[in-house]
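Letters are used for the chains, namely A, B, C and D, taken in the order the chains are written, and counting of residues starts over at 1 for each.
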Amino acid sequence: MTSNKAAKVAELFTKTMATTRCFDQNLRKVKVVCCTNGKLLTEFQVGPEHLNQRGTLHGGFIAHLVDAISTYALTANETVETRGVSIDLSISYLNAAREGEHVEVEAITKKLGKKIAFLEVEVRNKTKNQLLAIGRHTKYIGV
Amino acid sequence: MTSNKAAKVAELFTKTMATTRCFDQNLRKVKVVCCTNGKLLTEFQVGPEHLNQRGTLHGGFIAHLVDAISTYALTANETVETRGVSIDLSISYLNAAREGEHVEVEAITKKLGKKIAFLEVEVRNKTKNQLLAIGRHTKYIGV
Amino acid sequence: MTSNKAAKVAELFTKTMATTRCFDQNLRKVKVVCCTNGKLLTEFQVGPEHLNQRGTLHGGFIAHLVDAISTYALTANETVETRGVSIDLSISYLNAAREGEHVEVEAITKKLGKKIAFLEVEVRNKTKNQLLAIGRHTKYIGV
Amino acid sequence: MTSNKAAKVAELFTKTMATTRCFDQNLRKVKVVCCTNGKLLTEFQVGPEHLNQRGTLHGGFIAHLVDAISTYALTANETVETRGVSIDLSISYLNAAREGEHVEVEAITKKLGKKIAFLEVEVRNKTKNQLLAIGRHTKYIGV
(Lines give C-alpha, C1' and ligand atoms only; values in the text may rest on other atoms or scores of the structure.)
Protein backbone atom coordinates (compact mmCIF):
# COMPACT_ATOMS: atom_id res chain seq x y z
CA MET A 1 0.00 0.00 0.00
CA THR A 2 1.26 3.45 -0.85
CA SER A 3 1.27 5.49 2.34
CA ASN A 4 0.70 9.25 2.48
CA LYS A 5 4.38 9.68 3.31
CA ALA A 6 5.49 7.65 0.28
CA ALA A 7 3.12 9.56 -1.99
CA LYS A 8 4.62 12.85 -0.79
CA VAL A 9 8.14 11.55 -1.42
CA ALA A 10 7.21 10.57 -4.98
CA GLU A 11 5.79 14.05 -5.57
CA LEU A 12 8.85 15.74 -4.06
CA PHE A 13 11.22 13.60 -6.16
CA THR A 14 9.40 14.53 -9.37
CA LYS A 15 9.30 18.22 -8.55
CA THR A 16 12.91 18.38 -7.36
CA MET A 17 14.40 16.62 -10.38
CA ALA A 18 12.48 18.92 -12.74
CA THR A 19 13.60 22.16 -11.15
CA THR A 20 16.83 21.78 -9.16
CA ARG A 21 20.03 23.57 -10.22
CA CYS A 22 22.21 21.43 -7.95
CA PHE A 23 23.97 18.15 -8.90
CA ASP A 24 20.69 16.21 -8.90
CA GLN A 25 19.77 17.97 -12.16
CA ASN A 26 21.59 15.03 -13.76
CA LEU A 27 18.59 12.93 -12.70
CA ARG A 28 16.02 14.99 -14.61
CA LYS A 29 15.07 12.05 -16.84
CA VAL A 30 14.61 9.68 -13.91
CA LYS A 31 10.91 9.04 -13.22
CA VAL A 32 9.21 7.47 -10.20
CA VAL A 33 7.53 4.15 -11.03
CA CYS A 34 6.49 3.22 -7.53
CA CYS A 35 7.11 4.54 -4.02
CA THR A 36 6.01 2.63 -0.94
CA ASN A 37 7.07 2.47 2.70
CA GLY A 38 10.90 2.55 2.64
CA LYS A 39 11.15 1.61 -1.05
CA LEU A 40 11.54 3.51 -4.30
CA LEU A 41 11.51 2.20 -7.86
CA THR A 42 12.50 4.57 -10.68
CA GLU A 43 13.17 4.34 -14.40
CA PHE A 44 14.85 6.24 -17.23
CA GLN A 45 16.09 5.84 -20.77
CA VAL A 46 19.85 6.10 -21.25
CA GLY A 47 20.71 9.36 -23.02
CA PRO A 48 24.04 10.74 -24.32
CA GLU A 49 24.47 12.77 -21.13
CA HIS A 50 24.60 9.51 -19.07
CA LEU A 51 27.44 7.91 -21.01
CA ASN A 52 31.14 7.40 -20.42
CA GLN A 53 33.74 7.76 -23.15
CA ARG A 54 33.32 4.11 -24.08
CA GLY A 55 29.68 4.88 -24.99
CA THR A 56 28.09 2.94 -22.13
CA LEU A 57 26.25 4.04 -18.98
CA HIS A 58 28.80 5.94 -16.84
CA GLY A 59 29.90 4.25 -13.60
CA GLY A 60 29.88 7.65 -11.91
CA PHE A 61 26.27 8.19 -12.97
CA ILE A 62 25.36 4.75 -11.62
CA ALA A 63 26.99 5.77 -8.33
CA HIS A 64 24.94 8.99 -8.34
CA LEU A 65 21.77 6.93 -8.89
CA VAL A 66 22.63 4.52 -6.05
CA ASP A 67 23.26 7.47 -3.72
CA ALA A 68 20.16 9.48 -4.64
CA ILE A 69 17.49 6.81 -5.13
CA SER A 70 18.41 5.17 -1.81
CA THR A 71 18.21 8.55 -0.08
CA TYR A 72 14.64 9.06 -1.31
CA ALA A 73 13.79 5.44 -0.35
CA LEU A 74 15.02 6.29 3.15
CA THR A 75 12.75 9.34 3.38
CA ALA A 76 9.87 7.13 2.18
CA ASN A 77 9.87 5.40 5.57
CA GLU A 78 6.84 6.55 7.57
CA THR A 79 8.87 7.61 10.61
CA VAL A 80 11.89 9.22 8.96
CA GLU A 81 12.16 13.03 9.07
CA THR A 82 15.68 13.39 7.66
CA ARG A 83 17.60 12.69 4.45
CA GLY A 84 20.46 11.50 6.63
CA VAL A 85 24.19 11.91 6.05
CA SER A 86 26.16 9.42 3.95
CA ILE A 87 28.64 7.23 5.81
CA ASP A 88 29.55 4.52 3.29
CA LEU A 89 28.61 3.80 -0.32
CA SER A 90 29.70 0.74 -2.32
CA ILE A 91 28.87 -0.53 -5.78
CA SER A 92 29.66 -3.63 -7.81
CA TYR A 93 29.42 -3.24 -11.59
CA LEU A 94 28.09 -6.36 -13.30
CA ASN A 95 27.12 -5.35 -16.84
CA ALA A 96 27.04 -2.37 -19.20
CA ALA A 97 24.07 -0.53 -20.74
CA ARG A 98 23.91 1.42 -24.01
CA GLU A 99 22.18 4.58 -25.21
CA GLY A 100 18.46 4.13 -25.76
CA GLU A 101 18.11 1.21 -23.34
CA HIS A 102 15.68 1.42 -20.43
CA VAL A 103 17.11 1.20 -16.93
CA GLU A 104 15.30 0.78 -13.63
CA VAL A 105 16.73 1.55 -10.22
CA GLU A 106 15.20 0.02 -7.09
CA ALA A 107 16.20 1.01 -3.57
CA ILE A 108 14.98 -0.64 -0.38
CA THR A 109 15.54 -0.01 3.29
CA LYS A 110 17.24 -3.10 4.76
CA LYS A 111 17.35 -1.75 8.32
CA LEU A 112 16.13 1.43 9.89
CA GLY A 113 17.86 1.80 13.23
CA LYS A 114 17.70 4.74 15.61
CA LYS A 115 21.01 6.14 14.41
CA ILE A 116 21.97 4.23 11.26
CA ALA A 117 19.98 3.22 8.16
CA PHE A 118 21.13 0.54 5.72
CA LEU A 119 19.87 0.72 2.13
CA GLU A 120 20.33 -1.61 -0.80
CA VAL A 121 20.04 -0.76 -4.50
CA GLU A 122 19.73 -2.73 -7.72
CA VAL A 123 20.25 -1.09 -11.12
CA ARG A 124 18.73 -3.20 -13.90
CA ASN A 125 18.72 -3.06 -17.68
CA LYS A 126 15.01 -3.55 -18.49
CA THR A 127 15.64 -3.73 -22.21
CA LYS A 128 18.01 -6.67 -21.80
CA ASN A 129 16.58 -8.03 -18.54
CA GLN A 130 20.03 -7.88 -17.01
CA LEU A 131 21.51 -6.73 -13.71
CA LEU A 132 23.78 -3.68 -14.20
CA ALA A 133 24.94 -2.90 -10.67
CA ILE A 134 24.28 -3.70 -7.02
CA GLY A 135 25.07 -1.33 -4.22
CA ARG A 136 24.73 -0.47 -0.58
CA HIS A 137 24.39 2.93 1.10
CA THR A 138 24.78 3.46 4.84
CA LYS A 139 23.46 6.73 6.28
CA TYR A 140 23.57 8.39 9.68
CA ILE A 141 20.06 9.45 10.66
CA GLY A 142 20.57 10.27 14.33
CA VAL A 143 20.58 14.02 13.73
CA MET B 1 59.38 13.00 -12.83
CA THR B 2 56.51 13.59 -15.20
CA SER B 3 56.71 10.97 -17.92
CA ASN B 4 55.60 11.51 -21.50
CA LYS B 5 52.63 9.24 -20.86
CA ALA B 6 51.53 11.19 -17.77
CA ALA B 7 51.89 14.49 -19.64
CA LYS B 8 49.64 13.15 -22.40
CA VAL B 9 47.06 12.01 -19.85
CA ALA B 10 47.02 15.48 -18.26
CA GLU B 11 46.50 17.04 -21.69
CA LEU B 12 43.74 14.55 -22.59
CA PHE B 13 41.96 15.15 -19.26
CA THR B 14 41.97 18.92 -19.78
CA LYS B 15 40.73 18.66 -23.35
CA THR B 16 38.06 16.05 -22.60
CA MET B 17 36.53 17.88 -19.63
CA ALA B 18 36.32 21.10 -21.66
CA THR B 19 34.53 19.57 -24.63
CA THR B 20 32.68 16.36 -23.73
CA ARG B 21 28.88 16.11 -23.89
CA CYS B 22 28.79 12.87 -21.88
CA PHE B 23 28.42 12.55 -18.08
CA ASP B 24 32.00 13.76 -17.50
CA GLN B 25 30.87 17.27 -18.46
CA ASN B 26 30.09 17.57 -14.75
CA LEU B 27 33.86 17.67 -14.22
CA ARG B 28 34.44 20.73 -16.40
CA LYS B 29 35.71 22.81 -13.45
CA VAL B 30 38.15 20.12 -12.33
CA LYS B 31 41.73 21.03 -13.24
CA VAL B 32 44.88 18.90 -13.31
CA VAL B 33 47.42 19.97 -10.68
CA CYS B 34 49.93 17.20 -11.23
CA CYS B 35 50.06 13.96 -13.19
CA THR B 36 52.87 11.45 -12.77
CA ASN B 37 53.33 7.72 -13.32
CA GLY B 38 50.08 6.12 -12.04
CA LYS B 39 49.01 9.21 -10.06
CA LEU B 40 46.73 12.15 -10.69
CA LEU B 41 46.09 15.19 -8.48
CA THR B 42 43.25 17.55 -9.45
CA GLU B 43 41.51 20.56 -7.93
CA PHE B 44 38.28 22.56 -8.24
CA GLN B 45 36.22 25.15 -6.41
CA VAL B 46 32.81 23.96 -5.19
CA GLY B 47 30.05 25.56 -7.28
CA PRO B 48 26.25 25.44 -7.00
CA GLU B 49 26.11 22.62 -9.58
CA HIS B 50 28.14 20.36 -7.23
CA LEU B 51 25.81 20.66 -4.26
CA ASN B 52 23.16 18.43 -2.69
CA GLN B 53 19.90 19.79 -1.32
CA ARG B 54 21.51 20.36 2.06
CA GLY B 55 23.87 22.86 0.40
CA THR B 56 27.03 20.77 0.73
CA LEU B 57 29.16 18.90 -1.80
CA HIS B 58 26.98 16.09 -3.22
CA GLY B 59 27.92 12.51 -2.27
CA GLY B 60 27.04 11.43 -5.80
CA PHE B 61 29.44 14.01 -7.24
CA ILE B 62 32.16 12.80 -4.87
CA ALA B 63 31.51 9.26 -6.17
CA HIS B 64 31.81 10.56 -9.74
CA LEU B 65 35.14 12.18 -8.85
CA VAL B 66 36.46 8.99 -7.22
CA ASP B 67 35.48 6.98 -10.30
CA ALA B 68 36.84 9.39 -12.91
CA ILE B 69 40.06 10.67 -11.32
CA SER B 70 41.15 7.12 -10.49
CA THR B 71 40.46 6.06 -14.08
CA TYR B 72 42.77 8.77 -15.41
CA ALA B 73 45.37 7.85 -12.75
CA LEU B 74 45.22 4.30 -14.09
CA THR B 75 45.85 5.45 -17.65
CA ALA B 76 48.78 7.52 -16.36
CA ASN B 77 50.73 4.30 -15.78
CA GLU B 78 53.43 3.96 -18.42
CA THR B 79 52.35 0.50 -19.55
CA VAL B 80 48.57 0.85 -19.47
CA GLU B 81 46.75 1.10 -22.81
CA THR B 82 43.16 0.85 -21.51
CA ARG B 83 40.76 2.79 -19.30
CA GLY B 84 39.66 -0.55 -17.84
CA VAL B 85 36.17 -1.61 -16.76
CA SER B 86 34.89 -0.89 -13.24
CA ILE B 87 34.44 -3.90 -10.96
CA ASP B 88 33.98 -2.36 -7.50
CA LEU B 89 33.82 1.19 -6.15
CA SER B 90 33.55 2.14 -2.47
CA ILE B 91 33.60 5.43 -0.63
CA SER B 92 33.59 6.53 3.01
CA TYR B 93 32.30 10.05 3.66
CA LEU B 94 34.17 11.79 6.48
CA ASN B 95 33.28 15.49 6.27
CA ALA B 96 31.23 17.99 4.27
CA ALA B 97 32.37 20.88 2.04
CA ARG B 98 30.52 24.10 1.18
CA GLU B 99 30.17 26.29 -1.89
CA GLY B 100 33.27 28.36 -2.61
CA GLU B 101 35.66 26.00 -0.83
CA HIS B 102 38.60 24.49 -2.71
CA VAL B 103 38.72 20.72 -3.01
CA GLU B 104 41.54 18.50 -4.24
CA VAL B 105 41.22 14.93 -5.40
CA GLU B 106 44.22 12.63 -5.48
CA ALA B 107 44.18 9.17 -7.04
CA ILE B 108 47.03 6.67 -6.89
CA THR B 109 47.57 3.21 -8.33
CA LYS B 110 48.02 0.80 -5.41
CA LYS B 111 48.58 -2.26 -7.58
CA LEU B 112 48.76 -2.75 -11.30
CA GLY B 113 48.30 -6.45 -11.98
CA LYS B 114 48.01 -8.17 -15.35
CA LYS B 115 44.23 -8.38 -15.11
CA ILE B 116 43.17 -6.21 -12.17
CA ALA B 117 44.17 -2.69 -11.08
CA PHE B 118 43.55 -1.33 -7.57
CA LEU B 119 43.26 2.44 -7.14
CA GLU B 120 42.88 4.60 -4.04
CA VAL B 121 41.47 8.11 -3.86
CA GLU B 122 41.46 10.90 -1.27
CA VAL B 123 39.13 13.89 -1.57
CA ARG B 124 40.34 16.79 0.58
CA ASN B 125 38.98 20.18 1.53
CA LYS B 126 41.99 22.45 0.92
CA THR B 127 40.25 25.48 2.39
CA LYS B 128 39.69 23.73 5.71
CA ASN B 129 42.62 21.29 5.47
CA GLN B 130 40.22 18.43 6.11
CA LEU B 131 39.64 14.99 4.65
CA LEU B 132 36.25 14.79 2.86
CA ALA B 133 36.18 11.24 1.55
CA ILE B 134 38.36 8.17 0.98
CA GLY B 135 37.62 5.60 -1.68
CA ARG B 136 38.82 2.61 -3.61
CA HIS B 137 38.20 1.66 -7.22
CA THR B 138 38.95 -1.79 -8.66
CA LYS B 139 39.10 -2.12 -12.45
CA TYR B 140 39.48 -5.01 -14.86
CA ILE B 141 42.28 -4.22 -17.31
CA GLY B 142 42.76 -7.63 -18.93
CA VAL B 143 40.90 -6.64 -22.08
CA MET C 1 16.80 -29.09 -8.36
CA THR C 2 20.04 -30.13 -6.74
CA SER C 3 22.53 -30.85 -9.49
CA ASN C 4 25.27 -33.43 -9.26
CA LYS C 5 27.79 -30.60 -9.02
CA ALA C 6 25.95 -28.94 -6.13
CA ALA C 7 25.61 -32.28 -4.31
CA LYS C 8 29.37 -32.78 -4.60
CA VAL C 9 30.04 -29.27 -3.26
CA ALA C 10 27.80 -29.96 -0.25
CA GLU C 11 29.70 -33.18 0.43
CA LEU C 12 33.09 -31.49 0.03
CA PHE C 13 32.07 -28.65 2.36
CA THR C 14 30.99 -31.08 5.08
CA LYS C 15 34.13 -33.18 4.80
CA THR C 16 36.49 -30.19 4.63
CA MET C 17 35.06 -28.40 7.67
CA ALA C 18 35.27 -31.59 9.73
CA THR C 19 38.89 -32.34 8.97
CA THR C 20 40.83 -29.22 7.87
CA ARG C 21 43.67 -27.81 9.98
CA CYS C 22 43.69 -24.50 8.10
CA PHE C 23 41.72 -21.32 8.98
CA ASP C 24 38.44 -22.87 7.84
CA GLN C 25 38.51 -25.08 10.95
CA ASN C 26 36.66 -22.16 12.57
CA LEU C 27 33.68 -23.22 10.44
CA ARG C 28 33.47 -26.76 11.86
CA LYS C 29 30.01 -26.14 13.36
CA VAL C 30 28.63 -24.73 10.11
CA LYS C 31 26.35 -27.26 8.37
CA VAL C 32 24.99 -27.30 4.82
CA VAL C 33 21.20 -26.86 4.71
CA CYS C 34 20.82 -26.68 0.96
CA CYS C 35 23.13 -26.45 -2.03
CA THR C 36 21.84 -25.82 -5.54
CA ASN C 37 23.24 -24.36 -8.76
CA GLY C 38 25.30 -21.34 -7.66
CA LYS C 39 23.70 -21.11 -4.21
CA LEU C 40 24.59 -22.34 -0.73
CA LEU C 41 22.56 -22.10 2.47
CA THR C 42 24.25 -23.06 5.75
CA GLU C 43 23.42 -22.92 9.46
CA PHE C 44 25.10 -23.03 12.86
CA GLN C 45 24.47 -22.31 16.53
CA VAL C 46 26.54 -19.48 18.01
CA GLY C 47 29.15 -20.92 20.38
CA PRO C 48 31.65 -19.20 22.70
CA GLU C 49 34.39 -19.56 20.04
CA HIS C 50 32.39 -17.32 17.66
CA LEU C 51 32.07 -14.36 20.03
CA ASN C 52 33.78 -11.03 20.37
CA GLN C 53 34.71 -9.50 23.72
CA ARG C 54 31.31 -7.89 24.00
CA GLY C 55 29.74 -11.39 24.01
CA THR C 56 28.11 -11.15 20.57
CA LEU C 57 28.87 -12.81 17.24
CA HIS C 58 32.32 -11.55 16.13
CA GLY C 59 32.40 -9.23 13.10
CA GLY C 60 35.57 -10.96 11.96
CA PHE C 61 33.82 -14.34 12.09
CA ILE C 62 30.92 -12.90 10.08
CA ALA C 63 33.48 -11.72 7.50
CA HIS C 64 35.00 -15.21 7.43
CA LEU C 65 31.52 -16.66 6.82
CA VAL C 66 30.78 -14.19 4.01
CA ASP C 67 34.11 -15.05 2.35
CA ALA C 68 33.85 -18.83 2.71
CA ILE C 69 30.17 -19.53 2.07
CA SER C 70 30.20 -17.38 -1.07
CA THR C 71 33.30 -19.23 -2.31
CA TYR C 72 31.48 -22.58 -2.00
CA ALA C 73 28.38 -21.07 -3.65
CA LEU C 74 30.63 -20.07 -6.54
CA THR C 75 31.94 -23.61 -6.92
CA ALA C 76 28.33 -24.84 -6.86
CA ASN C 77 27.83 -23.38 -10.34
CA GLU C 78 27.69 -26.20 -12.88
CA THR C 79 30.41 -24.75 -15.10
CA VAL C 80 32.88 -23.46 -12.49
CA GLU C 81 36.11 -25.43 -11.99
CA THR C 82 37.91 -22.99 -9.68
CA ARG C 83 37.51 -21.50 -6.21
CA GLY C 84 38.61 -18.17 -7.70
CA VAL C 85 40.76 -15.48 -6.09
CA SER C 86 39.24 -12.75 -3.91
CA ILE C 87 39.28 -9.23 -5.35
CA ASP C 88 36.91 -7.30 -3.07
CA LEU C 89 34.88 -8.15 0.02
CA SER C 90 32.46 -5.80 1.80
CA ILE C 91 30.06 -6.23 4.69
CA SER C 92 27.43 -4.08 6.40
CA TYR C 93 26.64 -5.03 10.00
CA LEU C 94 22.95 -4.56 10.84
CA ASN C 95 22.31 -6.42 14.11
CA ALA C 96 24.05 -8.52 16.76
CA ALA C 97 23.54 -12.20 17.70
CA ARG C 98 24.18 -13.91 21.05
CA GLU C 99 25.50 -17.29 22.19
CA GLY C 100 23.00 -20.11 21.66
CA GLU C 101 21.14 -18.38 18.85
CA HIS C 102 20.78 -20.05 15.46
CA VAL C 103 22.29 -18.28 12.47
CA GLU C 104 21.89 -19.02 8.78
CA VAL C 105 24.16 -17.84 6.00
CA GLU C 106 22.96 -17.76 2.40
CA ALA C 107 25.22 -17.03 -0.55
CA ILE C 108 24.08 -16.62 -4.14
CA THR C 109 25.86 -16.01 -7.42
CA LYS C 110 24.65 -12.67 -8.80
CA LYS C 111 26.73 -12.83 -11.96
CA LEU C 112 29.08 -15.44 -13.35
CA GLY C 113 31.17 -13.77 -16.02
CA LYS C 114 34.09 -15.25 -17.94
CA LYS C 115 36.66 -13.55 -15.73
CA ILE C 116 34.78 -12.14 -12.74
CA ALA C 117 32.11 -13.60 -10.44
CA PHE C 118 29.89 -11.47 -8.19
CA LEU C 119 28.43 -13.11 -5.06
CA GLU C 120 26.00 -11.79 -2.46
CA VAL C 121 25.56 -13.04 1.10
CA GLU C 122 22.95 -12.61 3.83
CA VAL C 123 23.63 -13.61 7.44
CA ARG C 124 20.41 -14.02 9.39
CA ASN C 125 19.52 -14.66 13.02
CA LYS C 126 16.94 -17.47 12.72
CA THR C 127 16.12 -17.38 16.43
CA LYS C 128 15.13 -13.72 16.26
CA ASN C 129 14.14 -13.65 12.57
CA GLN C 130 16.50 -10.72 12.04
CA LEU C 131 19.07 -9.73 9.45
CA LEU C 132 22.59 -9.70 10.93
CA ALA C 133 24.76 -8.74 7.98
CA ILE C 134 24.74 -8.29 4.22
CA GLY C 135 27.83 -8.63 2.09
CA ARG C 136 29.29 -8.88 -1.35
CA HIS C 137 32.30 -10.85 -2.57
CA THR C 138 33.93 -10.33 -5.98
CA LYS C 139 36.26 -13.06 -7.22
CA TYR C 140 38.55 -13.45 -10.21
CA ILE C 141 37.81 -16.77 -11.92
CA GLY C 142 39.72 -16.30 -15.18
CA VAL C 143 42.60 -18.51 -14.07
CA MET D 1 55.21 9.63 21.41
CA THR D 2 53.53 6.63 23.00
CA SER D 3 50.81 7.94 25.30
CA ASN D 4 49.69 6.21 28.49
CA LYS D 5 46.46 5.25 26.76
CA ALA D 6 48.28 3.67 23.81
CA ALA D 7 50.64 1.80 26.14
CA LYS D 8 47.65 0.35 27.99
CA VAL D 9 46.04 -0.72 24.71
CA ALA D 10 49.23 -2.51 23.67
CA GLU D 11 49.32 -4.31 27.00
CA LEU D 12 45.63 -5.24 26.80
CA PHE D 13 46.04 -6.55 23.23
CA THR D 14 48.94 -8.79 24.24
CA LYS D 15 47.15 -10.14 27.30
CA THR D 16 43.83 -10.69 25.50
CA MET D 17 45.29 -12.55 22.52
CA ALA D 18 47.24 -14.85 24.85
CA THR D 19 44.28 -15.85 27.00
CA THR D 20 40.95 -15.37 25.20
CA ARG D 21 38.69 -18.32 24.32
CA CYS D 22 36.57 -16.25 21.92
CA PHE D 23 37.13 -15.81 18.14
CA ASP D 24 40.14 -13.53 18.71
CA GLN D 25 42.12 -16.61 19.81
CA ASN D 26 42.94 -16.88 16.10
CA LEU D 27 45.15 -13.83 16.61
CA ARG D 28 47.33 -15.42 19.28
CA LYS D 29 50.47 -15.17 17.10
CA VAL D 30 49.88 -11.48 16.31
CA LYS D 31 52.27 -9.25 18.26
CA VAL D 32 52.20 -5.50 18.85
CA VAL D 33 55.11 -3.70 17.16
CA CYS D 34 54.04 -0.16 17.96
CA CYS D 35 50.97 1.53 19.43
CA THR D 36 50.54 5.30 19.42
CA ASN D 37 47.62 7.74 19.53
CA GLY D 38 44.97 6.22 17.23
CA LYS D 39 47.41 3.86 15.48
CA LEU D 40 48.42 0.23 15.90
CA LEU D 41 51.11 -1.72 14.05
CA THR D 42 51.26 -5.51 14.54
CA GLU D 43 53.17 -8.42 13.06
CA PHE D 44 53.01 -12.21 12.75
CA GLN D 45 54.50 -15.12 10.85
CA VAL D 46 52.05 -17.01 8.61
CA GLY D 47 51.33 -20.44 10.12
CA PRO D 48 49.30 -23.39 8.81
CA GLU D 49 46.28 -22.25 10.83
CA HIS D 50 46.15 -18.99 8.80
CA LEU D 51 45.93 -20.65 5.38
CA ASN D 52 43.18 -21.30 2.89
CA GLN D 53 42.92 -24.51 0.90
CA ARG D 54 45.14 -23.07 -1.81
CA GLY D 55 47.94 -22.82 0.76
CA THR D 56 48.01 -19.02 0.98
CA LEU D 57 46.95 -16.57 3.69
CA HIS D 58 43.14 -16.92 4.08
CA GLY D 59 41.01 -13.98 2.92
CA GLY D 60 38.74 -14.55 5.91
CA PHE D 61 41.72 -14.30 8.28
CA ILE D 62 42.80 -11.08 6.56
CA ALA D 63 39.25 -9.74 7.13
CA HIS D 64 39.52 -10.76 10.80
CA LEU D 65 42.81 -8.88 11.06
CA VAL D 66 41.36 -5.75 9.41
CA ASP D 67 38.40 -5.83 11.82
CA ALA D 68 40.40 -6.47 14.99
CA ILE D 69 43.54 -4.39 14.52
CA SER D 70 41.46 -1.35 13.51
CA THR D 71 39.28 -1.81 16.60
CA TYR D 72 42.34 -1.69 18.88
CA ALA D 73 43.69 1.33 16.91
CA LEU D 74 40.37 3.04 17.64
CA THR D 75 40.69 2.38 21.38
CA ALA D 76 44.25 3.75 21.21
CA ASN D 77 42.83 7.25 20.72
CA GLU D 78 43.28 9.25 23.92
CA THR D 79 39.62 10.20 24.21
CA VAL D 80 37.92 6.96 23.18
CA GLU D 81 36.25 4.88 25.91
CA THR D 82 34.51 2.31 23.69
CA ARG D 83 35.42 -0.44 21.22
CA GLY D 84 32.52 0.79 19.07
CA VAL D 85 30.12 -1.25 16.96
CA SER D 86 30.95 -2.21 13.37
CA ILE D 87 28.90 -0.53 10.63
CA ASP D 88 30.81 -1.30 7.44
CA LEU D 89 33.95 -3.27 6.59
CA SER D 90 35.54 -3.52 3.15
CA ILE D 91 38.72 -5.10 1.87
CA SER D 92 40.57 -5.23 -1.46
CA TYR D 93 42.90 -8.21 -1.92
CA LEU D 94 46.05 -7.29 -3.87
CA ASN D 95 48.50 -10.15 -3.38
CA ALA D 96 48.91 -13.53 -1.67
CA ALA D 97 51.26 -14.58 1.17
CA ARG D 98 52.64 -18.04 1.95
CA GLU D 99 53.43 -20.02 5.09
CA GLY D 100 56.53 -18.80 6.89
CA GLU D 101 56.37 -15.27 5.50
CA HIS D 102 56.21 -12.29 7.85
CA VAL D 103 53.15 -10.07 7.66
CA GLU D 104 52.52 -6.70 9.25
CA VAL D 105 49.14 -5.07 9.78
CA GLU D 106 48.87 -1.32 10.33
CA ALA D 107 45.64 0.40 11.32
CA ILE D 108 45.16 4.16 11.59
CA THR D 109 42.28 6.39 12.61
CA LYS D 110 41.33 8.53 9.60
CA LYS D 111 38.56 10.44 11.41
CA LEU D 112 37.29 10.34 14.94
CA GLY D 113 33.88 11.99 14.97
CA LYS D 114 31.45 12.25 17.85
CA LYS D 115 29.34 9.36 16.58
CA ILE D 116 31.31 7.68 13.79
CA ALA D 117 34.97 6.63 13.51
CA PHE D 118 36.68 5.84 10.19
CA LEU D 119 39.69 3.51 10.24
CA GLU D 120 42.04 2.39 7.49
CA VAL D 121 44.19 -0.73 7.41
CA GLU D 122 47.11 -1.98 5.34
CA VAL D 123 48.23 -5.63 5.42
CA ARG D 124 51.77 -6.01 4.09
CA ASN D 125 54.05 -8.93 3.31
CA LYS D 126 57.31 -7.88 5.00
CA THR D 127 59.23 -10.81 3.58
CA LYS D 128 58.42 -9.80 0.01
CA ASN D 129 57.93 -6.06 0.66
CA GLN D 130 54.50 -6.26 -0.99
CA LEU D 131 51.02 -4.99 -0.22
CA LEU D 132 48.60 -7.84 0.55
CA ALA D 133 45.35 -6.04 1.30
CA ILE D 134 43.88 -2.62 1.98
CA GLY D 135 40.72 -2.10 3.96
CA ARG D 136 38.41 0.31 5.71
CA HIS D 137 36.36 -0.15 8.87
CA THR D 138 33.59 2.24 9.95
CA LYS D 139 32.42 2.02 13.56
CA TYR D 140 29.64 3.63 15.55
CA ILE D 141 31.10 5.09 18.74
CA GLY D 142 28.18 7.21 19.95
CA VAL D 143 27.15 4.67 22.60
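Keep this in mind: a contact is a pair of C-beta atoms (placed from the backbone, for glycine too) under 8 Å apart; a residue touches a chain by one contact, two chains touch by 3 or more.
Everything numeric in this text was worked out from a predicted model, so none of it was measured.
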{"item": "Contact-richer chain pair (by C-beta pairs counted) among B-D and B-C", "value": "B-D"}
{"item": "Rounded Å distance between chain B and chain D, as computed from the means of their C-alpha atoms", "value": "29"}
{"item": "Cα-centroid distance, chain A relative to chain B, in whole angstrom", "value": "22"}
{"item": "Chain centre separation in whole Å, for chain C relative to chain B (CA means)", "value": "34"}
{"item": "Residues of chain D whose C-beta touches two or more other chains", "value": "87-88, 90, 92, 138"}
{"item": "Touch-based graph of the chains, sorted into line, ring, star, complete or other", "value": "complete"}
{"item": "Residue ranges of chain B touching chain C (in the complex, touch as defined)", "value": "87-88, 90, 115-116, 138, 140, 142"}
{"item": "Of all residues in chain C, those that touch chain A in their complex", "value": "88, 90, 92, 94-95, 110-111, 113, 118, 120, 131, 134, 136, 138"}
{"item": "Contact footprint of chain C on chain D as seen in their complex", "value": "16, 20-26, 48-54, 58-61, 63-68, 83, 85-93, 96"}
